[in-house]
Amino acid sequence: MPIVLGPNRYGKAENRVVRIYRDQARHEIRDINVSTALRGAFAGAHLFGDQSQVLPTDSQKQTAYSFAKEKGLVTIEAYALELGRHFADTVEYVDSARIEVEEFLWQRVSAGGIEHDHTWVRSGQEVRTAAVTIEGHGDDQSATVIAGFKDLTILKSTGSEFAGFYEDGYTLLEPTNDRVMATSLVAQWRYVGTDVDWNAAYEGIKTILIEKFATLHSLALQQTLFEMGKAALEAYDSLAEIRFVAPNKHHFVYNLEPFGVENNNEVFNADDRPYGLIQVSVLRDELPAAPAAWDSYTGLV
Amino acid sequence: MPIVLGPNRYGKAENRVVRIYRDQARHEIRDINVSTALRGAFAGAHLFGDQSQVLPTDSQKQTAYSFAKEKGLVTIEAYALELGRHFADTVEYVDSARIEVEEFLWQRVSAGGIEHDHTWVRSGQEVRTAAVTIEGHGDDQSATVIAGFKDLTILKSTGSEFAGFYEDGYTLLEPTNDRVMATSLVAQWRYVGTDVDWNAAYEGIKTILIEKFATLHSLALQQTLFEMGKAALEAYDSLAEIRFVAPNKHHFVYNLEPFGVENNNEVFNADDRPYGLIQVSVLRDELPAAPAAWDSYTGLV
Amino acid sequence: MPIVLGPNRYGKAENRVVRIYRDQARHEIRDINVSTALRGAFAGAHLFGDQSQVLPTDSQKQTAYSFAKEKGLVTIEAYALELGRHFADTVEYVDSARIEVEEFLWQRVSAGGIEHDHTWVRSGQEVRTAAVTIEGHGDDQSATVIAGFKDLTILKSTGSEFAGFYEDGYTLLEPTNDRVMATSLVAQWRYVGTDVDWNAAYEGIKTILIEKFATLHSLALQQTLFEMGKAALEAYDSLAEIRFVAPNKHHFVYNLEPFGVENNNEVFNADDRPYGLIQVSVLRDELPAAPAAWDSYTGLV
Amino acid sequence: MPIVLGPNRYGKAENRVVRIYRDQARHEIRDINVSTALRGAFAGAHLFGDQSQVLPTDSQKQTAYSFAKEKGLVTIEAYALELGRHFADTVEYVDSARIEVEEFLWQRVSAGGIEHDHTWVRSGQEVRTAAVTIEGHGDDQSATVIAGFKDLTILKSTGSEFAGFYEDGYTLLEPTNDRVMATSLVAQWRYVGTDVDWNAAYEGIKTILIEKFATLHSLALQQTLFEMGKAALEAYDSLAEIRFVAPNKHHFVYNLEPFGVENNNEVFNADDRPYGLIQVSVLRDELPAAPAAWDSYTGLV
């Protein structure tokens, strides 16, 4: 059997673009890490080292920085759409473009009780993400937007059980009806279409997810995640599906009995490894799947 | 449209298992990070919090440690096959199991010119990886093995060009016929079948990849990667395909002209971000694809 | 000249203790990483392997967890004082104890506009730190408390200059009267005595530092740091000195001229390495120095 | 009491300089991360924002790159001495200079059994380090060199005990006469003078340390470290002192008894946190101490 070139993709990863809006005394800031990737007629580069159809990754970088001014960087979704369409529409030999963005969030500082015009501290609560996939040209062109966040570390100190589970010969775990449940959540949702108020949707969906995590009495992290996703899809018709990656960050009750100290779920060891790891998707039935939209280029999103 | 549960998977990630063979004075060591993941009839846990069909991730952990003794841990591929088959064959409700392993390599220490029996230093050259996917039961069961490595940082100080590329309005890059080419290589290859001498194949394939990187005069990192993959597939009939992820770790010639110092490709700035990023696969034509085999559970491999 | 044992210290590093207060429906959480280190009559362990005077690091760990309940964990400064005094007072052969703590801060979640009783998200704005040194026994015992934070990333988009600097033959830099100034600040301050309202002081000092960073028109990061420290010492008599470690996180104006795009300090490349790095202390004159208080055990603080 | 400026220092951290020697077909490579820091008459910058005596950190960066060609980069010790003396001797207002270097080691690739001329893989076994301190001017100038390594992960699977230790009310640990002992070693040694064959000394000292770790039957990690240091000082008259930082990377015997599986020190859990942490110095008595030499600027060494 002959040996052939399979699927391939290339681009510039992790451009650290910072955009300041300073038209008024009260500045605005956007701080992102953006990666661009192209698919297309690049077999020549692989088979013969022929670069004549390859746009340098350096040119992709220049474009990413320039578009932060030319097109603006108000929401990462709109910016990524501009960038992806540019590559698909104007660069010969490109069949599809993928743009992945991490956004680092900043919080305006107060000085003397008043919000400061041009000083912020980085807010570490979560990293907002977007991934845009542009496929094809002209009337056949499709655009898919995935938005979400990562690194949202959330914990509840009660209201979570783990009991009644399946047991095999390697099962030592004791059931519990009251445990700490914590995760560092990755959530990514796919929109139907691109006519979305990106910031409002982001804030609304994030709020729903957090509220459901807090208020649902949990019989399983799986159940919590499903209910979180279901609530988001029920509230936002623009959502086709949502996916979670949720490490179960174990908090083990520390045994203080040898020291005659009572520990009623008050002192825990927060362990590093291993950790439970749950991946789950919640989706609107009967909608077509979009596998290309989920084909990550970097570890960013 | 109804909202439904989509694909899901759960398990225990990053069990840090160390196995010492000490039957003889000359010990052997295996040091791994292993993750286990299960798919199956787990809808109840998501929809109703019903755990009765869910094997705890803690039980999966216990099994991973116990199998290092029960079944042995000589090669990560054989160990992962044992573990994956165990879950698929003996745990009710499991349809498929995925085992991912990182192996940290150790090098025996010399003392007085003689190899020491029970002391090693960690060799940081690369991390060896394996990912095994077991699907189905009984005669319909399939097992797919992907092996490879990550974090192999390799550099050549000449013998690499980048010229004749496509240019658009954002292209500032100058062509070069002599540059440093460096990457931190991820390589993963899929075997046909499981009747393989895992260690010999690993060493052989790794050697071929490194030699091709070294000896091919490179017109493009894309070309180098394709030729590396092609050479491995030509030499090993047991390989169905190989995939690379290769960041182009830029080494920029530092401008010393302002100081009257000549810099003939002698002093470089090794930049962190952004970096070019190439993903490419090389495959034997006419073989069926194996998408499930490439569906990573963790960032491990 | 004889070869002898020099200064030495040992302990248990990075105990990840989580304490939940759950006496009322509205829980409270404290989440810390604590390290303990002891100095004393431990020469026997080094010279002869004699452990008879060595309290195991495991026992130190047990104590750290148990004290989170026995003594409570309301402020990291008070907790570290309890722990340090315990080792110095009750463990034979111990001459001095050092306790270092990182505190990860959590923010209570709102659900339906109401603060939730037992759910939080991790707030990544900064990591609060403390380092307590207990030396000696009985009436000669001294206790020194250093408090502070790290990882406070702060940025101002104008109001910062860098001009009029010294130039040598390697100076290419152009002066600027308007630049982005950003740092990931480490601040540590030493208290006089231990009769301090730890939480109030922490919040007050942090606010002063941030406000000064925001409001001072900066001619140099050095100047900004000195004025920040001076303002804190002026406001808090309980402070003996304050030290800063401040990487100058460079934001380089991106050159968009080749594309005919104006960039009036609007688009920046946030570079990783290298970075300027400033270390500076501000102190109350005529107070005795406290070198032991600054002798870090881990990279924690 | 007046508030005054205390000790301060500034410079450029983490310049990633790569130097290729290519005068012959067989190239050589040096790959370093270098930081420069200056002390001197910089009060004006802090007190008034007056930069007229401040050499920009950018100029320090330019010098670090240029010196890799001008002065060469054969050993990091000699390179750091050149750089430090340059700042102290030629830059007005500088009283002392500190240069810290990490060196990433590369191993030449073999192709067809022959060492390749210009291709290497990064060897991750350890990171070599140096820290040079230059104080004063002219005849009063002193130069101190500390060399060493970090990240040397070393493990012995037997020949290590921990028993007979002191016990208090928090002691649960059982003594053991056979355990795995592992550490990720940091070793730093200070030379007397600068007339040293840097590479030979480095290799010789590293070999002695590793051999002693392997061959000494260990009653305590403390004992092992002391004997390692003593052996190095006995063999090298040019050494004034050596310091170790050694995390005790715990390998806990995994309990397989519930599964009826014997575990005779064969299967371990390699735990992350917490870890024992030992700091110890071994020194030649009667030599003057050199505290400035140990005043680290970055986390590099």
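Observations on the structure shown:
Per-chain residue numbering starts at 1, and chain names A, B, C and D are given in the order in which the chains are listed.
Going forward, contacts are C-beta pairs under 8 Å (C-beta built on N, C-alpha and C of every residue); 3 or more make two chains touch, one makes a residue touch a chain.
Quantities reported herein were computed from a predicted structural model and do not represent experimental measurements.
Shared contact partners of subunit B and subunit C comprise A, D. Compared on C-beta pairs in contact, A-D and A-C come out with A-C as the pair having more. Over half of the residue numbers found at the subunit A and subunit B interface occur in both copies, marking it as a same-residue contact. Look at where the CA atoms of subunit A average out and do the same for subunit B: the two points lie 23 Å apart.
Subunit A and subunit D, compared by their mean Cα positions, are separated by 38 Å.
For this pair, subunit A with subunit C, the centres built from the Cα atoms lie 30 Å apart.
Contact of a single residue of subunit A with at least two other chains is seen at positions 15-16, 62, 66, 170, 172, 258-259, 272-273. Against subunit A, in their complex, subunit D makes its touches with residues 169-170, 172, 258-259, 272-273.
Contact residues on subunit A toward subunit B in their complex (touch as defined above): 1-16, 33, 35, 37, 42, 45-63, 66, 90-93, 161-168, 170-173, 218-220, 222-223, 225-226, 229-230, 233-234, 241, 243, 247-248, 273-287, 297-299.
Against subunit D, the residues of subunit B that register as touching in their complex are 15-22, 27, 29, 31, 62, 65-66, 68-70, 106-107, 109-112, 116, 118-126, 151-159, 180, 210-211, 213-215, 251, 254, 256, 258-259, 261-272.
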